[in-house]
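Below is a structure I'd like to ask you about.
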Amino acid sequence: MKASSKTIDGVEVIKLDGKITIGSGDQQLREIITSAINQGKSKILLEMSGVTTIDSSGIGELVGSYTTVTNRGGKLKLLHLPAKLNELLHVTQLITVFEVYENEQEAVKSF
Amino acid sequence: MKASSKTIDGVEVIKLDGKITIGSGDQQLREIITSAINQGKSKILLEMSGVTTIDSSGIGELVGSYTTVTNRGGKLKLLHLPAKLNELLHVTQLITVFEVYENEQEAVKSF
Amino acid sequence: MERDGERIEITISSRFENIELVQVIAEHLCENAGLDEDGSHWIGMAVREAVANAIKHGNKLDARKKVNATFQLHDSELRIHISDEGEGFDPKTIGDPLNPQNLMKTSGRGIFYMKTFMDQVQYEFQPGGGTSLMMTKNLAKGSGLASSKI
Amino acid sequence: MERDGERIEITISSRFENIELVQVIAEHLCENAGLDEDGSHWIGMAVREAVANAIKHGNKLDARKKVNATFQLHDSELRIHISDEGEGFDPKTIGDPLNPQNLMKTSGRGIFYMKTFMDQVQYEFQPGGGTSLMMTKNLAKGSGLASSKI
């Protein structure tokens, strides 16, 4: 998994690319979130369109990221969910937890 | 494997797409060539850019096609070889047998 | 169907990088059997979860221990059997990830996904240790999640 | 290297559609071991040719007969072992496809390709019948055809 980030209007937009699966990508995601928080970022938007594969560990790590950010008083939202990831969040009812956007500008404004 | 053809200045340009491998594509190629010949076509240009995989059976079938067409007084040439197919023809020295073109117009004119 | 009676077996050592090897076998087999890309993907995902559990919870990442997977196709029924050399567990103790008190947990969704994507998911435990998981899927019934479960 | 001592085994029945299953295992293993896409492709092709021969010439397309493939990685050496239940053959009788009188033949290039892409290609024949093929490739030496043979 690769990550790249940019800041728009105080929102940290982190683009994730590749696999978020057990043993590759799952720990990385945790590190990315931890380091963003340690840098004082509290508005985090994960751009997911480049995520090619995710498994239950990756989903778990997304939930963990959400909790970490929320517990520090921040917000974590999702942008551009690939269809399969969307379905995985649906069946586990996690879709009710995450705020999901299809438009970057709208997503940034919502914080 | 899929094939589609068009005629340009009396040359039958047959575009092959997909796999030409043992049990799938190799017999098909033979049928395509046989049917073109039975329809009286004698100038055949195989457009290879869409060939994703080829194995020794596919290479053998190309050689067989060449022989069939040549024996009937026709000509068979190749257009747009993918790099890997090119290397497979090189190591077997078959590249010396086939006339290969990178430009359709030029290829058609050469017949 | 011409592929009836098909049986494929693969054995890997317990490393996460090898999960994908078993997953691609599953996906290729499904595509060979005529399933579309989506349907094959969901079955591949169930296999991924099963193999991940066998490596992590079963064999506890001991690379000397093996995970074995067999795929059998009878008529249109795909049977997938995955076994490890671990100590087993009691499936009755596994929580439901949809339970509100589990919703925000960072784990516990693997078996749930398997059950979502497959028709049957059944565990057996060998007397000498080892977990044996049998999953089945009728490939003719329509593929995986999108068409059959949502 | 962390993947030293890796051993993967796969068994298929003798159908051409299954060749790809063994090929993708080979390619994934090579990519996991750090080989680039081209290098992995050529090794995958050698495996494809070997499995095709096992199915066609060895098991004569009898789907009840099996082809077994094992992949082992020691240091950077990949050892691939492919066996069938056929009657074997005499490798000394195999013609050279580069010989001008063979150039236009429609077959006889499979073993040649294996030898081109691999460092070693060695046949053994079991007393009870069956062909056993061992191919090795040093993955550190540079990948396959383009860099090492042309």
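When the chains are written out, they are named A, B, C and D in that same order, and each has its own residue count from 1.
What we mean here is this: contacts are C-beta pairs under 8 Å (C-beta built on N, C-alpha and C of every residue); 3 or more make two chains touch, one makes a residue touch a chain.
Every value quoted in this text rests on a predicted model; they were computed, and no experiment measured them.
S.K.: Which chains sit in contact with both members of the pair chain B and chain C?
M.R.: Looking at chain C and chain B together, the chains touching each of them are D.
S.K.: From chain B, how many touching-chain steps at minimum until you land on chain D?
M.R.: Contact-graph shortest path, chain B to chain D, evaluates to 1.
S.K.: Whole-Å distance, chain A centre to chain C centre, using C-alpha means?
M.R.: Their C-alpha centroids are separated by 27 Å.
S.K.: Suppose each chain is reduced to the average of its Cα coordinates; what separation in Å results between chain A and chain D?
M.R.: That gives a centre separation of 43 Å.
S.K.: Taking each chain's centre as the mean position of its Cα atoms, how many Å separate chain A from chain B?
M.R.: For chain A versus chain B, the centre distance works out to 49 Å.
S.K.: Touching two or more other chains, which residues of chain D qualify?
M.R.: Counting only residues that touch two or more other chains, chain D contributes 17.
S.K.: For chain B, which residues are shared contacts with two or more other chains?
M.R.: none
S.K.: Can you name every pair of chains that touch?
M.R.: Every pair of chains meeting the touch criterion: A-C, B-D, C-D.
S.K.: For the complex, which residues does chain C have touching chain D?
M.R.: 3, 5-13, 15, 17-18, 20-21, 24-25, 28-29, 32, 63
S.K.: Which residues of chain B touch chain D in their complex?
M.R.: Of all residues in chain B, those touching chain D are 21-24, 55-57, 59-61, 63-64, 66-67, 84, 87-88, 90-94, 97.
S.K.: Tell me, which parts of chain C touch chain A in their complex?
M.R.: 16-17, 19, 38, 41, 45, 48-49, 52, 56, 97-98, 103-110, 112-113, 116, 145-146, 149-150
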